[in-house]
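Both of the next two complexes hold subunit A, though its partner changes from subunit B to subunit C.
Take a look at the complex of A and B:
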């Protein structure tokens, strides 16, 4: 009981907000964060796609090891790792149950575990790339590879709004609590309380949506006065905006090490498979 | 030919928002001189913001309604130039300026407009704008880490980053605490005097207008009634009153004293009826002149005849002079709220802990009307939230009517405590006012709640509006609705966060009146506020917070008489109080009525003494 309460205290809206912001902006000083945004994109092109086509367990383990390393380097928030682990564990667990129910043995589970391994390599690669870049960098990077301006602006703006949205959501959520009535008994396995909280968690979204709609008016007008739509067509503005991006020795080093590592992996895997 | 000195020329401008039936502007004609500092005043819905939006082209280009007339801004016809072109001449700071900050970091946001206009040196322009508004923080700081005042400065920086000739600021004081508001106005004055900008503010606070502006434009029902030099304008008492504008307190005081025809109280008609003071300095001279005469005549008569000394009656009839039972309750009954050594901190984005409340101990008793004051970030809201139970103290304890908040969920405490948000919109969780007021009673299946709700809606003047969505009401109506929601919960304790922020002065008076009626329903009311007029007129106990501690807990007198304390906590006493202090009146006056009453009474005594002597 006491543990549940302590856990609830820790998993506060405030805490989630801080974790999210940290995930987005808090890792600006890592090695990976200092790369030019185009480098991770290039890198991701291989590590995000290739695992689908690799069936060699040794290769996959090697890649997994590299991804774990880069994920650690990008100092991802524990929240994200937690969510990832939860996802992978539940998937593995469900695979186990399914294969057992349908009378499969080790020979069915193995390929399924291989799939889980592939998925974790890809997930970790995504985390490395997207968590090591703050939204600004990400949006500049996307803009530079030809994604429309609205999308890249939307990403940056979405993150800028995130803290205020979370705060407002929190306020509305508390409004429900400060006027509502919680179930008097928690019920079996806290079920009643859980249902109560889930209900207000969902209900809180409606007022939030309405108030966002109201806020947006000022923002849209401000965008207009700040010349956003004026700059929309201008390639000149894009050039100025992206002029700060350039490849450095750091980028070359990162790509080179990755290539050498993967090449070595292939050699190793080939030797085992002989 | 057009006068080159006019930066804005409006001729017969009429505008109706798309879909609306009534026009918001009704044939507005107005001229604004280059380098002027203009205040646009008028009641709610008189068309002030709409007028300003015609200057940067949002009307008619962005809001395509029915538009007639001609607007020239800096020699440009607004019909022939689009918003982007006009925005290089006109900068605009919104009332809800937070929503106008678009980029995540400070320098990025300041340089956003120059970037969009294709300036290679956009960063430098952004930096220059930040210097101009004196925003001293890390240019890479995230905007959500800034305080309210800093955000306003940043919005201002964004508006001047294109170096426009005209700056429009919509209600700078509404969202800021008084010391920040003063800072913003100092900045505006600097921009006006040393950088030649023409400044237009929409403003309700005539005390700021008197001190900073040069010209006043009065609007009513979509028309410009007049445009006059500031002193002349603020003396148009009757017209201002008709538009629900309250002149500066000192002007009101002079008018009140002058009403009976004797400024000085001795029967001599005030020679300068048209010369009412509009600023504190003028008022000190104005009243001091007569006081000087009193003093000279009074010399040698001794203490006994001090004309202003024998007026404690005024104080006690207002029920405010009684000593404050801050620690021990009056009749030995249980305190309503007991806070012992409470400590609270939160984690910041950088994962550090910031202490907001540090070893706070205090008790509140039945009948306490408490004003909690102090600058932004002093810990006022955090303190209120501890009492509601939505946050728990890390050390020490908080008890409400003997119930420890640490072990009690907020839903249960809600039977005793009501918290009313600073932003009423965050309290509207249903789609009509009536449903919002009902929510608490319905959740507890109170018998016959419909009748009770009817009564409450009636007493807050919301019967007509009960089926409207709270978010679509005006600021004052929203505030009334949020109070009604609170009162419907039938609490012992009501906590209000900034109940008068963001309201025009007429609505503010209305809310103050409602607050005065609250103690009929509740035992203890605690209000966190920057509004010193509210503190002076309403509270019977004042607590000053500074950096997470309570540095003063006592009467109004103990706070307002202590200049060092006011300075430390960033508070500004109401103008009328400053006036009574400057005039050396033996007792500080908290309201205009009190001042007028004492001044007249002193005059009568004086006349009497005078009569006896001669």
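Take a look at the complex of A and C:
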């Protein structure tokens, strides 16, 4: 339980907000961030799907190496990588332990490692693609490949509103704590305190739901005065909005290098398998 | 006014309000649940999977369709994209499963003041969602591991792990964070939150405009989708088996097979690029049409 408290100390509301903004805007000057958003999508079309159907270890390692390289290039925050590693390892480890109960052994490890490798290639590919772009770019890119406009609106709205919503929630949570009475003893395994905090976490949503409802109405009314629902349906608006996107030499270079690398990898894997 | 007595009709901006409310609230709660550490006692994990009570409450109080889609989108945007954990195509499955479950839960209730209805709807929503997500997780390992059947103990362990987490999510998260808070919030918010969005509360006599028409169709579609999912799974399995049998055949022919797969990938990429360039060259009006379609 000690480590939980340490973790809670580090994960403060301020820290989360900073981390969020850092994820969103912290790496706008990397090579990947300057690409046209459609190029990474195209790239992802292969690297996000193909690994599911690849069972060759050399190929997978090669792909993993490329993904690690691109992830480093996009300068993703260490927190995200940490969360990813923890999730992957715990899932595979858990499966391994349970499979031992059913008579699995050493030979179960290899397929599971392969699965973990596969999953990490796919996750790194999505991290590379979706974390290297700042939110405006991402929403423009999604809009251009035909994703409904609600999504791009949602992204824009989320980035604008989330920090203030988090703050509001935090205030309500603190005021519940101020007015309420914390349990005097922690109980077995801190059980009382945990129940107390979780109860507050749930109850805090009651005032928050009402205040967000009011805020939503204000936002929608403001959007109406700006003619949002008209622009929402007008294709001309979409065209003007997306007219700034164009493919450059950089995009071609990125795709070409990736294609050459993957082709070389297939050749190498074929050499080894012969 | 008379019309709204008969049917639960929302204007465009009311739909937008419900959508945004659901998106931002559920997204926020997702971010909070990401921060709550989980406690693991052996195979049983006491984790706060999600605050399902928020989308459930909103689906019960408002039009279930917009609330469900908004919540699912909120999860993807706030919980995944903004935390840098966006899983790309994998999120599609979560999105569909979650919004389907919440929509069904919301449509089950026609009187938000009836506690029994609300409770049944809340649990049903959680069960449907957890069932879909466990099935997908099992299928993922199935597809991802070569010769799935041949690996000793893996098949059983996957089913056991997923089964335990299903039960844990339904019994722990489902009761504590879906059933009880929903039963607490729905009667409290009913009649209070609707005026804030400028609409009338749902009552017994009101029916959704979609409800009656879609309900039978929705059931048929869900069944078809479930079968399609199973079909895809079996297809994937038999596909894997095919490749396994062909292993020695592959060796005898050599790298030939690999070149075919490279070629296929290259062709797909080429077609996509061509389509993109074509799309770029088209007149704006044509883009509009394809954008609308």
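Annotations
In this text, the second predicted complex is superposed on the first by the 241 of 274 C-alpha atoms of A that agree within 3 Å, B and C clash if a C-alpha of one lies under 4 Å from a C-alpha of the other, contacts with A are read in each partner's own complex, and residues count from 1 in each chain.
Here, a residue touches a chain if its C-beta (ideal position, glycine included) is under 8 Å from a C-beta of that chain, and two chains touch if they have at least 3 such contacts.
Keep in mind the model is a prediction, meaning the values are calculated, not measured.
Once both complexes are superposed on subunit A, the partners subunit B and subunit C fit side by side without clashing. When both complexes are overlaid on chain A, the residue A:224 reaches subunit B and subunit C alike. Looking at the superposition, the partner that touches the larger set of subunit A residues, subunit B or subunit C, turns out to be C.
When the shared chain is aligned, subunit B and subunit C each come close enough to touch A:157.
Touch criterion met: A:266 reaches subunit C, while subunit B stays clear of it. In the superposition on chain A, contact of A:214 is made with both subunit B and subunit C. With both structures placed on the common chain, the touch criterion links A:236 to subunit B and to subunit C. Here the smallest spacing between CA atoms of subunit B and those of subunit C, following superposition, is 7 Å.
Of the residues of subunit A, those at positions 135, 157, 159, 210, 214, 216, 219, 221, 223-224, 229, 236 touch subunit B in one of the two structures and subunit C in the other. The residues of subunit B lying in touch with subunit A in their complex are 56, 58, 62, 82-84, 87, 91-92, 94, 96, 98-105, 108, 112-113, 115-120, 122, 142-144, 158, 346-351, 388, 390, 392, 409-412, 414, 418-419, 421, 423, 425-429, 439-440, 443-444, 469, 471, 485, 489.
The residues of subunit C lying in touch with subunit A in their complex are 12-13, 16-17, 19-21, 23-25, 27-29, 31-32, 35-37, 43, 48, 51, 53-54, 57, 69, 73-74, 77-78, 81-90, 141, 143-147, 151-154, 156-158, 160-161, 176-177, 181, 185, 188-189, 192-193, 196-198, 243, 251, 254-255, 258-259, 261-262, 265-266, 268-269, 272-273, 276, 284-285, 287-288, 290-292. Interface residues of subunit A facing subunit B in the complex, by the touch rule stated above, are 9, 14-15, 18, 21-22, 25-26, 135-136, 156-157, 159-160, 163-164, 168, 171-172, 174-182, 203-204, 207, 210-211, 214-216, 218-219, 221-231, 234, 236-237, 240-241.
Chain contact summary for the complex, subunit A toward subunit C: residues 4, 7-8, 11, 16, 20, 23-24, 38, 42, 44-46, 48-50, 52, 55, 76-77, 80, 83-84, 94-95, 98-105, 107-108, 111-112, 114-115, 118-119, 122-123, 125-127, 129-131, 135, 138, 146, 150-151, 154-155, 157-159, 161-162, 165-166, 169, 198, 201-202, 205-206, 208-210, 212-214, 216-217, 219-221, 223-224, 229, 235-236, 238-239, 259, 262-263, 266-267, 269-271, 273-274.
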